[in-house]
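Here the chain labels run A, B, C and D in written order, and each chain numbers its own residues starting at 1.
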Amino acid sequence: MNDFLGLPLDASAHGPEIDAMMGVIHWLMFALFIGWGAFFTYILIRFRRSRHAAADYTGVKSHSSTYLEIGVALIEAVLIVGFAIPLWAKRVNEFPPDRDAVVVRVVAEQFAWNIHYPGPDGLFGSTDISLVSADNPVGLDRSDMDGKDDIVTINQMVLPVDKPVIVRLSSKDVIHSFGVPLLRVKQDVIPGQVIPVWFKAVETTESIQAKMAKKYSLVSSGITFSTMVTMEDYVGADSTVIAAKGTLLFPDVVDQLTQAGFTEVLLSPETPMEIACAQLCGLGHYRMRASVSIKTMAEYEAWLAEEALYLQP
Amino acid sequence: MQIPYTVAARPDTGLHNSKLGIWLFLASEVMLFGALFSAYILLRVAASEWPHGSQLLNVPLAFLNTVILIGSSVTMVMSWASLMMKDFQKYRRYMGLTILCGFGFLVVKGFEYGAKFSHGLFPSEDLFYATYFTLTGLHGLHVIGGIIVNLYFWGPGSRMWKTEPERFTNRVEVAGLYWHFVDLVWIFLFPILYLL
Amino acid sequence: MQNVATAPHHGESAHHEEHASFWRTYVFSVDHKVIGIQYMMTGLIFLFLGFTLMMLMRWQIAYPTKSIPGEWFTLLPGLIALISVVVGLMSKRKLTVLVGVLFGAIAWLVWSMVSDETLFPEGIMLPELYNSFGAMHGTIMVFLGVVPIAVGGFGNYVVPLQVGAPDMAFPKLNMMSYWSYFAGGVVMLTSFFVPGGAANSGWTSYPPLADIATTGQTIWLLGMVFLITSSLLGSVNFIVTIVQLRAKGLTFMRLPFFVWAQFITSFLLLLAFPPLEAAAVLQLMDRLAGTSFFLPSGLVISGQILDVSGGGSPLLWQHLFWFLAHPEVYVLILPAMGIIAEVIANNTRKPLWGYRSLVFAGVFLGFMSFIVWAHHMFMTGMGTVISTFFQTTTMIISIPSVIILSALIISLWGGSIRYTVPMLFAVAFLPMFGIGGLTGLPLGLAPTDIHLHDTYYVIGHFHYVVAPGTIFALFAGIYYWYPKATGRMMNTGLGKIHFWGSLVCMNGIFFPMLIQGLAGVSRRLYDGGAQYAHAQDVLQWNEFMSVSAWLLAIFQLPFIFNFFWSLKKGKAVESDNPWGATTLEWQTPTPPPHGNFVKVPEVYRGPYEYSVPNAPKDFLTQNTP
Amino acid sequence: MEHTSAEDIKKHVRTYILVFVALLVLTIVTVGVSYLHLSIVPAVILALLIASIKGALVASYFMHLISEKKLVYFTLILTVVFLITLLSLPLLGFHDTIQ
């Protein structure tokens, strides 16, 4: 109904409500603009000097515009009471209890996102800024019992699908903003505060990629393929697989494909879902991004286990 | 065409231009100090602990300063009253006193600051000192501004008394309004910074 | 513009005795008209500087990896400099030559930067530079460009005339506010040359980023203190002038809407600016005295623990900043609406529809604008109560704007519309402001703002209101009052080229911003979002927008040429009231002498008595008994 | 106060002295109270109450606000309204945050 808005694909449970609201408002805006616009153009033509030499002193007598304004006011009231307030309340009040959610800490810094997982014990180890260093970005205290099994990743967030996620946001230096367009979340990260956001992803990265897949011409195209993966296998004449499904399309691969005679390929972004820092935070603001990959619960646990292996010294 | 209502009041508003002007200016000053008070409140409410002013600051000196400033307000209004009673000499005396009080206030402040600095206490010490120095400092600047204005009306500016006595009286009244406002701000600063 | 105007007839006599020294008359003048023109010219030049910075940024956005053809960006201001100097010399106009020199300075500034390897290595702009251009674009456009032109320029020139006053209430104060503004401008410019360059934390200067930023930020704060002082003095002056100096019989309900707009604007400036001044003082303390009003404890800046006492609050700044900055945006629009109202009434040859509702809506708008500021802060972690409050006030404040716009549209009905150049700009203003205003609604509701906050949608929203909105209104005002100030008309043909070109290009720049914003592209991105997956589908717009922006600049050339050429060659007005207007400014000699009116005006009727049934002419001036 | 005769000025002068005394007394009172070390809430209330009274005295007598023109009142009321929003809304914002 409101694809015309060109909103990015939505992978969150609460997204549809926001998008619906977005649609309603924009329909209202169009109605007003078209309505007034039509009336306006009509006047401009009908009352031009050459067609209407003498102006009349009183002009419009009816007060229909007043009713229109009252109408607008009412619709806005409905928007607030019916959509805005309940939706906002859901976002900021109705957090799921920690036990049936995945809880992660995200520590923002110039210019990276540090993601801190509690590990198997589900408890975050204590942190201390004096411990902060290149290989311990969040200043995690490993000597602390709870901290031993914690997992910290940089600019790479992995989350399970269909399970509520609570993200506790904090910043080491300046204000950043945790914005994930595909999840319809955005929350400023204010230093000196810990602010939680929650959401539930309902699509895995794979299915998102499938949906975003498009045919791209290999010959002429502005986009940088190196961030794109193939969505199907491409087999050469000699039945050797040139690019298996999910291959990154680096220039050499592109060459091979073109030589093999392919003109266009079905591609999708390697990391369709990203954290985009949405608050000016310095010269690296534009590149302060992190990938968010949504996995099935099984894959997610597998990933955690794999990460845990790196902890053994 | 001359600018009207520079001296006489405009019938429908009952004000002459500079009278309205100064009140508008004071309104903006209210917002300026209001914003600083707002900042003070927010920071203090958010702070985990906040020292009790009287333990860190010199209350007797501040008390003295309060008395001085209130006194200067009285002399200021008296100087205006003397002009209303066409007594220029008295005006000079009261205005002179006001200016002296102003300087007195600054001297006392100077001692207060000096004591703090000598103990290595600067605005960067903590939020309490930051607010203390910023608020009193800004107020101090207003006092200095007031002194300059008053000095002008005490000295060169007072020549106008010969030519346009009524206009001069208005000017002194306006200067007075500003000076009382500075006093008024201090009346709030004193308990907030020193006593709470 | 006495110095440039060839006053066709009388009026000369009146200001002969005023002709003291050149300095007294043109530089340190206390005449509201000269000061108004000083504001106008300075403002226009800053407007162009702000635009130039953005043209450079637009190259970076469109071609993040291509090196910039600096000479082209230098050529434009250089060309303008050339035009004005030549025209100026030919028509012996000191002012024109001076302006030419200043444009030359802009050209030099641009060249010295683009040719500087430390700023443009291999001709590619550094991210720091992009950020500082962005911050300065915003600052210059808002505080040094539009407000000085709309309030300082038009306000100063027109308000005393429209209220039938000889001058502003406090002429010396008026001069001081101009020079304070000028000083502020100079200070801001110097910041381009300090180590680290100009302020680079956005025009919003959010701490902690701004607290730890390079020296430029300190200078920005100092500059702001000058500009704020200027605005405060100015607004006191305007309010007193309007209240005290109104001509006999000119009741409040007979004031031209433009005067009302300036009146409300002055109150906004008077009461909203001081909190920003306070905030600026606090940030200066943070930067210079090592306090931490805006710095919480335990910050780690690039690996180093920040050695401050801490305990401060970053959000405190945001509250104080937006307490000013929201009213400020209405300061940007109200005078514009005022100009539009004047032009529309004059060119439809009929009274404004619902003058009273316009006035009340304006006053209500002004009042409400003080209690909506936190709609810029929805994403800072607001609970339900406070967000509900600010969403509601934000929706409420949109109603008076709707009323004003509707009234202006309906005013056209039944008119005999003359599409003069000022009218073209005025007519275009309505739908453009419409788009800008309507896009404010989804931003005003927190849940939709989740997706739109700090995206290009916001940029699109407010540029529609300030650029094809306010700037168009300023153009309308210039074309409309030019004959009063100079005694000559601006050329219509050139004016139409200027109008149509600007209209098309403005939409070419700003509409795609809404599309990109909906797609989720963040603002303030050095590479225009090239790295983000969700941006890929809308990236192609960047080039289109940039080209439109450069074309927009080209379409300003006819205007600038027209502006200076008409001083000498423009068609001389054959009366003091070439547009057949009703308000008092047209009842003075052209250009008005020092002291304005030959005989003290008295007002007998409302501001827009056009086409009064069985009146002799199709307009009755306010001072016709 | 343009057209006041020397007579009522004399009356004014008397009030000025009285106000002066009142201000001194109140100042002593606040300082005195502060030495009682009341708990924060009553202390704040009392201190601000006294300060407000003093402020009111200065404003209404030294600045002649009791007998001002309504235009001035209007300006000041407007200012106070915005002052209150400036003092209260940010505070509300600080308390009503997510969790």
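Note that in this section a contact is a pair of C-beta atoms (placed from the backbone, for glycine too) under 8 Å apart; a residue touches a chain by one contact, two chains touch by 3 or more.
Treat the numbers as computed from the prediction; the structure is a model and nothing was measured.
Peer 1: Taking each chain's centre as the mean of its CA atoms, which one is most distant from chain B?
Peer 2: That would be chain A.
Peer 1: Considering C-D alongside B-C, which chain pair is linked by more C-beta pairs in contact?
Peer 2: It is B-C, judged by the count of C-beta pairs in contact.
Peer 1: Closest chain to the overall C-alpha centroid, by per-chain C-alpha centroid: which is it?
Peer 2: Closest chain centre to the overall C-alpha centroid: C.
Peer 1: CA centre of chain A versus CA centre of chain B: separation in Å?
Peer 2: Chain centres of chain A and chain B, defined by C-alpha means, are spaced 54 Å apart.
Peer 1: Quick one: chain A and chain C, Cα centre-to-centre, how many Å?
Peer 2: Chain A and chain C have C-alpha centres separated by 35 Å.
Peer 1: For chain C and chain D, what's the span in angstrom between their mean Cα positions?
Peer 2: Distance between chain centres: 39 Å.
Peer 1: Check each residue of chain D and list the ones that touch at least two other chains.
Peer 2: 71, 78-79, 82, 86, 90, 94, 97-98 - these are the residues of chain D that touch more than one other chain.
Peer 1: Among the residues of chain A, which are close enough to touch at least two other chains?
Peer 2: Answer for chain A, listing residues that touch two or more other chains: 92, 193, 195.
Peer 1: Pull out every residue in chain B that's touching 2 or more other chains.
Peer 2: Residues 13, 15-16, 20, 24, 27, 31, 34-35, 38, 42, 46.
Peer 1: Quick one: in the complex, what on chain B touches chain C?
Peer 2: Touching chain C: residues 1-5, 10, 13, 15-18, 20-21, 24-25, 27-29, 31-36, 38-39, 42-43, 46-48, 122-127, 130, 133-134, 138 of chain B.
Peer 1: Provide the residue numbers of chain C that touch chain D in the complex, in ascending order.
Peer 2: Chain C reaches chain D through residues 243, 267, 271, 275, 313, 315-316, 319, 323, 370-371, 374, 377, 381-386, 389.
Peer 1: Given the complex with chain A, which residues does chain D contribute to the contact?
Peer 2: The contact residues of chain D facing chain A are 97-99.
Peer 1: Quick one: which bits of chain A touch chain D in the complex? Just the residue numbers, please.
Peer 2: 92, 95, 193, 195-197
Peer 1: Would you mind writing out the residues of chain B in touch with chain D in their complex?
Peer 2: 8-9, 13-16, 19-20, 23-24, 27, 30-31, 34-35, 37-38, 41-42, 45-46, 54, 59, 63, 66-67, 70-71, 73-74, 76-78, 81, 84-86, 166, 170, 173, 176-177, 180-181, 183-184, 187-188, 190-192, 194-196
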